[in-house]
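As structure tokens, here come the structures.
Heads up, the next two complexes both have subunit A, just with different partners, subunit B and then subunit C.
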Partner chain A sequence: MSLLAAAGRFQGRLVLTHRDYLIDLVRTPLLAAVFLLLIRHNDRPDLLANGLLAPVLMGVWSMAMLISGEVVDNDRWLGTLELQIAAPADFARVVLSRVWVTTAISLLTVLEVAAVAILGFGTVPDVPHPGVLAVGLLATAVATAGAATLMAALFVATRTARTFQNSLSYPVLLLGGVFAPLDRLPEWTHPIGRLVYLSWSSDLLRDALAPAAVTSAPARTGAILGLGLLTGAGGRLLLGRVVRLVRENGTVGLR
Partner chain B sequence: MTDSRNGTGGLTRPGQGEPAVETRGLRREYRTRRGPAVVALDDVSVTVEQGEVHGLLGPNGAGKSTLMKILSTVLLPTSGNGRVLGHDLATEHRRIRPLLGIVFGGERGLYPRLTARQNLRYWAALYGLTTRNAVARTDALLDELGLAERADDRVETFSVGMRQRLHLARGIIGDPRVLLLDEPTNGLDPLAARQLRELILRLAGEGRTVLLATHDLAEAEALCDRVTMINHGRVVAAEAPRTLARLVPRQERVRIRAEEPLLDLVRALPGTLGTEPADDGTTVVTVDSKEAVGRVLAFVVERGVTEVRTELPGLEEVYLQLVHRGETRSVVNR
Partner chain C sequence: MSRTADDPRTGRRTRVLGWAARAGAADYGTVFTWKTWLLGWFVRMLAQVLFFATIGNLLGPGQARYLLVGNAVALVALHGVFATASTTWELQNGTLPLLVASPSSPALVLVGRSLFWLPDGVACGLGAVLILGPVAGLPLTAASVALLTVLLVLVAVTSYCLGLFLGSLVLTAVDLRNVVSNAAFTVMLIVCGPEVPSDAVGPVLAGFGHLLPLTHGLLAIREVLAGEAGAHTAGLAGWETLIGACWLAAALAVLGLRARRSRRDGAALFLT
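Our next item is the complex of A and B:
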């Protein structure tokens, strides 16, 4: 618990001193404005939930991926990666302890998007199921931290992970139903999409903004958390393997 | 040092009054994409007793940092064995890590945009200190290392000397029993380097074992109980600095203040290997034996030279002879 709190506090301070880490907090309101403008221009108020949720989920995902890479990349550059691996604390726990703060900070995008809708477009988002929305967002943040741990393993393994990460983001967001529900995508994508926690998140969060009753909310929240924890466990396992590998081939501190 | 004590590859088992650091036949290769593997360490056997300040001497690229990385558990050896306080480097790194403090020289190893206090608090958490202990330990170290007044300033505003002291504070935040210092005075001005050396001696005085990688011979001579010289990845010699001088017994020296005609005559004496002017205006005459020393002494005193003394070669000369001649010796005990 001490590591989680201390590393979280540390990462929070680091994010505040590296303002570029907060770029997604700048980008998200602009994205929200674009989506809401398109919805208004095409007179499609039925898509409002999509327009509100897409920038939030993109921001949460993007910020976590950015930081998971930076935790490794920047530390490798500073010479602190080797020292962290040589420290008694489990490195995967260190990464997770640093990333969760970022995903927590990224939830500020919810307030930003709401502000854009209200102040920029005069639209007050209707939230018929605020409890489901809150729990869904928290579960999404937890799952995103798990995915970020997996991504961090990739950054430890290779110094060119950023390109891969950038290429990976849009397929994940697409299969995660962030831009449009998964059932609007070709059928063959559905089984793959259901393995992406974001597809469960986006569906649940959209339903939280719709007037109809939300069905199976606990099970769907469980799916988000389960997939997120599974991804996190995979990330932890992979990180352990990758750290062992870079200790063998001597590339821990290479810049 | 025997190599076949107990079936552990010549290493001491835990609980036997084990050395702080012990390696046997350590080899490290780096694979290259094309061409043969590069051998960074070859058959390196080093023993560092508990409480010892041990120098690891060698030119750049000798393999010092590779050995330090293996000992700090961030690099695995290709072959050979190593133990830290009885724990195996390859299989027991989790037991070793809390016992080690690691300090690299230069700019790397700190978060420049955070304050000294924030840096130390983070590392304290990584070394398992509770919040209360982390606060107390951080405050104590900042005070002890003369950084208390700048504790809440960003590290990027620190001088090189202050950063290096902070590196040292980070290295000992977990109260390690073995301290690995890799070129800790690199880039420091003479005063800051001297202050850091005093700190290292103080830490050693607290009973910690210190392994110091350096290419600064004066530093090794001033700080170390013993030194291991490494060149081209191999141990060239391991001894106390003073004893090392005896590894080159033929290199007795006589320092005299004399003018050139007389020096010409001295050069012609049997057993004289050469002369070299020193910065203080004297001349150092190198001879090949004690007999030759007596011969030079008698010769110059007879001719009225009053400023004359004999001396053993310093660590620098031993280093130059052993390392630069590539002469391999296997003297690994006190």
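Our next item is the complex of A and C:
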């Protein structure tokens, strides 16, 4: 527990003091304004849930890729990677703790978007199924942490991953149906899209904001968690392998 | 006597600009190969336009096309605004003190060092219109594509001038470079018309949008793609050029001021 607290305190301070890391907390309210303007201008109040959830999911995903994904790579730049690998604490647990804190901070976007809707557009979001929303957000956070762990490991395992860091934004957001649901895309994209946890998250969270009863909530939550845990486990395995490799080869600071 | 192209000072400035552009392109070349650009960066840009076009498809008739054009042109502006970040790379590379100490103008080097964004942005914007336009039923002719290309280059240049200005403000606040450029671009999405017409955001924000690059250029492009190119389109392009020139002048003024102050007090790092 003390390890989690220490890693969390460190990562929390890093995110909140390194100004470039605030990019998504600055951009999300502006993006919320973009989507809410689109809805108001086209007189489509029925799409309010889409407009509210899209900037949140975009912010959460982006912070996972930009901040959590860089956790290990940044340690290498800061020169702290060697010390962490030499320390008795399990390296993967330290990384996971830091990813968790970043994911938790990214959920601040929920408050930001609600504030833009209320203060900027005079719209108080209606939440007919608060339980489903809370569970859906929590499951999304778990899955995001899983994806971020995999990215953090990939950044260290292969330099090519970093080239594609920025490229993982809109293709994933499109397939994740964060505004327009996946079923609006051609049918051949559906099997690929369903492998992206965001497609399950966005559908479930939108349903949580709609008056109709939510169907199969446990199974859909399970799909989000399953995909998240699968990528997280993959990330942890890869991280362990990379650490073992650099220890054996003595190339911690050289890779 | 007026200066001509033969003026040695003009020739020297052109050479400095050319070398700066080559250095910037070399920087860029370390990030992407043509394969990673095409399969990574270009696909990501296409996905961004498709993301908004799909939203348009959900919003109602005609919106997919409106958002497709708006966001394809906005991509070009986004690349221009990226100059904010790449202007600060000189400080990160440790070359800024050398520029300040050199006899040529640091501002000139900074104007040239991010020019690689321009062809990148135009390629992404034009590629998005050509590939995704037919899907959204956008009628394209050889003449409209030619005019579109010219106007995209114009938007790229004017947005680049804004990017340079913002870059001059955050030159020594390197950790703000991406926050500022991303926030500026998202504000442009709101007030410059890619998502909703500027009159939909109220008079104050619309007025602000008219002072930014992209607004007039995008309106001109919409006229061209609607087959209504004419004198009004040329007027809009003129306004876009004027606004870009104003932002360039502002960028040069700030960069010049910071360089002079830095040289005078010996900080030589733009730190004052």
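Simple rule for what comes next: the second predicted complex is superposed on the first by the 238 of 255 C-alpha atoms of A that agree within 3 Å, B and C clash if a C-alpha of one lies under 4 Å from a C-alpha of the other, contacts with A are read in each partner's own complex, and residues count from 1 in each chain.
As a working rule, contacts are C-beta pairs under 8 Å (C-beta built on N, C-alpha and C of every residue); 3 or more make two chains touch, one makes a residue touch a chain.
For clarity, every value in this text was computed on a predicted model and none was experimentally measured.
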Put subunit B and subunit C onto subunit A via the superposition and say whether they clash or fit. fit
After the superposition on A, what does A:13 contact: first (subunit B), second (subunit C), both or neither? first
Check the residue A:250 against both partner chains and state whether it touches subunit B (first), subunit C (second), both, or neither. first
For A:94, using the defined touch cut-off, is the partner it touches subunit B, subunit C, both, or neither? Pick first, second, both or neither. first
Roughly what angle, nearest 10 degrees, sits at the C-alpha centre of subunit A between those of subunit B and subunit C? 90
One more residue to check, A:84. First (subunit B), second (subunit C), both or neither? first
Based on the superposed arrangement, let me know which partner A:22 touches: subunit B (first), subunit C (second), both, or neither? second
Check whether A:2 is in contact with subunit B, with subunit C, with both or with neither, and answer first, second, both or neither. first
Touched partner set for A:119, first subunit B, second subunit C, both or neither: neither
Using the touch definition from the top, say if A:173 reaches subunit B (first), subunit C (second), both or neither. second
Smallest separation in Å between any Cα of subunit B and any Cα of subunit C in the superposed model? 13
Intersection of the subunit A residues that touch subunit B with those that touch subunit C: 18
Enumerate the contact residues on subunit B facing subunit A in the complex. 28, 30-31, 69, 72-76, 94, 97-98, 100, 102, 104, 106-114, 118, 121-131, 134, 154, 170, 174
Of all residues in subunit A, which touch subunit C in the complex? 18-20, 22-23, 26-27, 30-31, 33-35, 37-42, 44, 47, 50, 160, 163-164, 166-171, 173-174, 179-180, 184-185
Of all residues in subunit A, those that touch subunit B in their complex: 2-3, 5-7, 9-10, 13-14, 17-18, 78-80, 82-89, 94, 247-250, 252-253
Interfacial residue positions of subunit C with respect to subunit A in the complex: 31-32, 36, 40-41, 43-45, 47-48, 50-51, 54-55, 57-60, 63, 173, 175-179, 182-183, 186-187, 189-190, 195-197, 200-201
